[in-house]
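Consider the two complexes below, in which chain A is the common component and chain B and chain C are the respective partners.
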Partner chain A sequence: MESKIAQWLESRLGLKATVLRPVPEYSLNPFYWLGALTVIAFVLQAFTGLLMLIYYVPTTDQAYASTLYIIRTVPLGWLIETVHLYGAYAMILLAFLHMFRGYFVSVQKQPREMMWVIGMLMGLIVLVFGLTGYLLPWTVVSKSATDVSIGMLSFLPAQIGPVLTFLLAGTGSNAAELSRFFDLHIVVLPAVLLVLLVVKMYMFEVHGAAEPSTGPKRAKEIPWFPNVFLYFAMIGSVFVAVVLLASALFPLSLPTEFTPLAASVYVPQPEWYFLWFYQVLKFASFEGEGIYYALGGVTIILALFILLPFIDRGTTRDAASRPLYTTTGLILIAELVTLTVWGYFTPGQVIPDLQALVIIVEVALVIAMMSALTYRMRSKMRGLPVRGLGLRIMALPFTHRMITSIFAVLLVMGSVSLAGLVGSLATGSINSAAASVNFIVLLSSFYFMARILRNLTLRQRGALP
Partner chain B sequence: MAPRRLQRDDLAEIGKSKRDFLKIILAFGGLATLGSIASTLRILGFIPPPTQGASTQALAWPRIKLVNVAAIDSSKPLRFNYPLVDTPNVLLKVGRKAENGVGPESDIVAYSDVCQHLGCFYGVLSSGASPPCNSSYKARGMEGYCCCHGGQFDLVNGAKVIGGPPPRPVPAVMLEYDKNTGDIYAIGMGPPTIFGHGPPGTTDPALVLRHDLEGGEIVTEATAFARTQ
Partner chain C sequence: MKLDQEAVKYPVGWVLVILLVTIAAYLWLMDLFSMQRVFGVLLASELVAFAMLAYMYSKPSFSKVSKTWLLIGSVSVAVFLFLALTIATQ
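Let's look at the complex of A and B:
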């Protein structure tokens, strides 16, 4: 039974016909809620951010001291500060997951092209949020990282570069830089993000959640209250609980305050979400004027990704029927992860071109080969049930003793060569001959392991004699 | 008198003038669009305010007393702000005759601490020392090593780039040595512009002076060593 208040609200706002309408059953799946979780993270950031605003002073001589005051003196200030940091990490991670999940099930296809474009812009704004917020505590590492990103603006064309630099950071004084970043972080970016969010939510109300890329398109409708509400409340609470728990267990420790001397002996590294780009900038070819190519290349890849719905115009959405785009996406993720880990382990070291080329090409090749084998295997076994296939394939080597031993030898060979490659990366010294041997051993062991698995699977299913 | 009913010819006449009107509006609209694009590009250039002091007084490098020769500690660089409070530099006694060197042995040099690659602050290594970010690297002389992206400068030979990504040497601080008192003064900055001030790599002395002094507070003897440690 509805109360009078609920009836009054419904007749004025009409929420049940729009936002609170029933949703299809398939959308009660965490993958459909990654965007919603990102919004929850944003609300959490706004809340903790407002709390910190009470104490934080955005001037070059007070920024660090007031941040330290929040952490040390304000009751639970350390928790607020840490939740704001981990909330930012979670928001960025969720935004990435949301995007890649959308990529693999092609949500960006007709009629949701503009949702993808707006979503990509929102993702970029989230990254700029990270960049601008990073400077505010005025620590030695955040100041250096910020100077690097401002430095990159100087490579833009002369009509735009100086103007943009002036708007973002002033003409070179620390005070101007800090106050502009503060304004961007707490006024400009939230406003822009909210406007984009409203536009995107409007489009979401028009188009609804994308159907699953495979399986039945028609689904039972689930009422918004109480089912969907409780589901949302549940995953939302779990998310907030995870952020709170992580913050309580691992409170942040603030690096030292920025001074030029401290900066010159500190090894500055950007936050993890910019490490991949940091690593690209350290490739020997992108030294000096070569930075144009690095910046240009990343801009082109980004532009292609933003315009993806207008490039990939096919109507198939199932990842299994889009080998080219699925493999490209997997390679992109693998390269991002590789560059991030690699950048983390080689702070301040220039990477020789050959080494960079070997690693980049190797990662792409391994992923492409694994992807190609998987697609071939699938096409050979079309019509066979695939449920639990992964588990059964994993169990196969252990039911054939001879093959198991060969498999084990291959596994050890592959692991040793992989360890060799990773090790030489971590120390920054690579011997090109040893690297190529490692590379060949790694590839061939992968190849033979994949062949063994494939033959065993096919034999098990009676597809081969 | 009853109004005359419109005839077919009248309608065609009205249609024609409507089309002409639309054409004229479109032409003006197109011109206005082109004009606004051009003027936007022009206006963008006015967003940064004119350089401070350019209109009121002639720009000149400040002259700042840094240190007495007798007080220089050759084991560790002296850090000072010049020409603005936010542009740090290092002063070194390199131990042998150096390019840009002053003093009795011409071995005292000073360079901007801001790397020309992307604006990080580099650290100074004595011969044989390793930077904190790369233990396998050993300096072959007095070197600057930037831990952001691995830039290396030979501080004995005019801050020549000997490794890493910087596209050009860091600018030297022009020093003056007073033989009578032994005092060392900073009297200007050599080309190019300090990174972050004006277009990178500008070498025209008038532009270097203008860009290096813009956007901040010019140092005095009181602020030359503020917040450098």
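Let's look at the complex of A and C:
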């Protein structure tokens, strides 16, 4: 029966004559579809955004009232509003995941350098989407955070700051700011994103999906219709179902309306995807004139990331054979997560330099050391059969009573130290001596646990007596 | 007893199609103002059921369809329907 339906659709719609190329079998894996899921999130945003546009009024006296009207009076209003919010979160998260997945499997290598650059630009536009959309409900939370962002633009060098400030905030009045953000959010950014998407899709059709960095490169090609189309429909449906379920279970509650009085007692804090940057700006050294260094540093890291294909010129794509880039990526992710969590728990607090240094360096060191141990262990194992090793390694310490006890003690010590560090991070007050002790205990316990695992694994494989 | 895999495909497909149509009809008839949370959960279950159908037909034969995924999908739909019922009766 399905073949008849497929035949009918194909003959009427010409689906098999589609320009989309067949895809290799290995790419029918959700990790290959993170970019497509980001596009689905964008379509979901466009759909819910257009529905809200029927009622939303982008003026300072009507923006909040019309948002409230959508939530309280319009049928399915708050569901659409919540789906739009969570869809934005999902889109940003997927864009980050897509970027880091690409980084670790080196999709940016020849001939896909420009796809990486365009993808990075699209990622930046997604973040600006978040920034501009955040202001539109005109709540005290969104307006205060946006004002902080616009204020930072004035620190940009030469004429970039004034020009960007004018483009975003106009002459400085609230009405001009809201109007410009609205125009950017619903016209300019979608148009630019669509153009970049078309260019990237064209390049994707030319170059195809990147081969796996390890394992067999040749695979059977699957036609776009019906197999890939149905796969795409499946993952898209599951994604939208997750967003809908989250929206239904955790509905949006709109903060209070922006008024100068309400803003005067509110500590501005950005959305989660900008918290890492917000936290960096709160470091004591970056207060006042020091903001130039923070902006400069973040811009340099971003530029290096955009230009990565022209910096990392090696031909190896396997993450296991690229310790420097893999470790750098892991450190970057760990720092982003740490700064985000830290920023969430310490709104408005200026972070002393020593504390900032201890946390940033500790996180980097822990990740670097774990990465180094993993690579060292891997090099020792080279030449030994590792098939099926996986999680079995984790069970090895528990095969002898004495080793189990030692391992358990180390595990408890490491966990307590880690909890101490995270706890001090959460409360925002850190004692340097206690942090140093915790740090040393944490590293030592990690080191000895890794040694035990390594020796047991090697012994089991017959490499040690 | 060995099941004829392709023979099982059609009943499973029809059950999913009936479920999809039933939920769609209920979504069409329900009060869209007072039952927004129920609408969200039911639409999510509709999409998961559709995803199961798409998954089944994306494979060349039913023997290549993972029964574990079908089970996870079925349990998810059941849980979503139970959630919708719970929210509706609150």
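Brief remarks on what is shown
Methods note: the second predicted complex is superposed on the first by the 441 of 465 C-alpha atoms of A that agree within 3 Å, B and C clash if a C-alpha of one lies under 4 Å from a C-alpha of the other, contacts with A are read in each partner's own complex, and residues count from 1 in each chain.
Methods note: contacts are C-beta pairs under 8 Å (C-beta built on N, C-alpha and C of every residue); 3 or more make two chains touch, one makes a residue touch a chain.
Treat the numbers as computed from the prediction; the structure is a model and nothing was measured.
In the model built by aligning both structures on chain A, chain B fits alongside chain C without clashing.
Judged by the touch definition given at the top, the superposed model places A:T139 against neither chain B nor chain C. Of the two partner chains placed by superposition, only chain C is touched by A:P226; chain B is not.
Of the two partner chains placed by superposition, only chain B is touched by A:F166; chain C is not.
Of the two partner chains placed by the overlay, only chain C lies in contact with A:L76; chain B stays clear of it.
Looking at the superposed arrangement, the partner reaching more residues of chain A, out of chain B and chain C, is B.
Of the two partner chains, neither chain B nor chain C is touched by A:T338. With both structures placed on the common chain, the touch criterion links A:S237 to chain C but leaves chain B unconnected. By the touch criterion stated above, A:T326 is placed in contact with neither chain B nor chain C.
Of the two partner chains placed by the overlay, only chain C lies in contact with A:L245; chain B stays clear of it. Superposition on chain A places chain B within reach of chain C only down to 32 Å, the least C-alpha distance between them.
No residue of chain A contacts both chain B in one complex and chain C in the other. Contacts from chain A toward chain C in the complex involve residues 1-2, 75-79, 83, 226-228, 230-231, 233-235, 237-238, 240-242, 244-245, 247-249, 251. Residues 10, 32-33, 36-41, 43-45, 47-48, 50-51, 54-55, 57-60, 80, 83, 87 of chain C are the ones touching chain A in the complex. Within the complex, the chain B residues that touch chain A are 41, 44-45, 47-48, 79, 84-88, 113, 117-124, 131-134, 136, 146-150, 163-167, 194-200, 214-217, 227-229.
Against chain B, the residues of chain A that register as touching in their complex are 144, 147-148, 150-152, 154-155, 158-163, 166-167, 170-174, 176, 259-261, 263-268, 281-282, 286-291, 347-350, 427-429.
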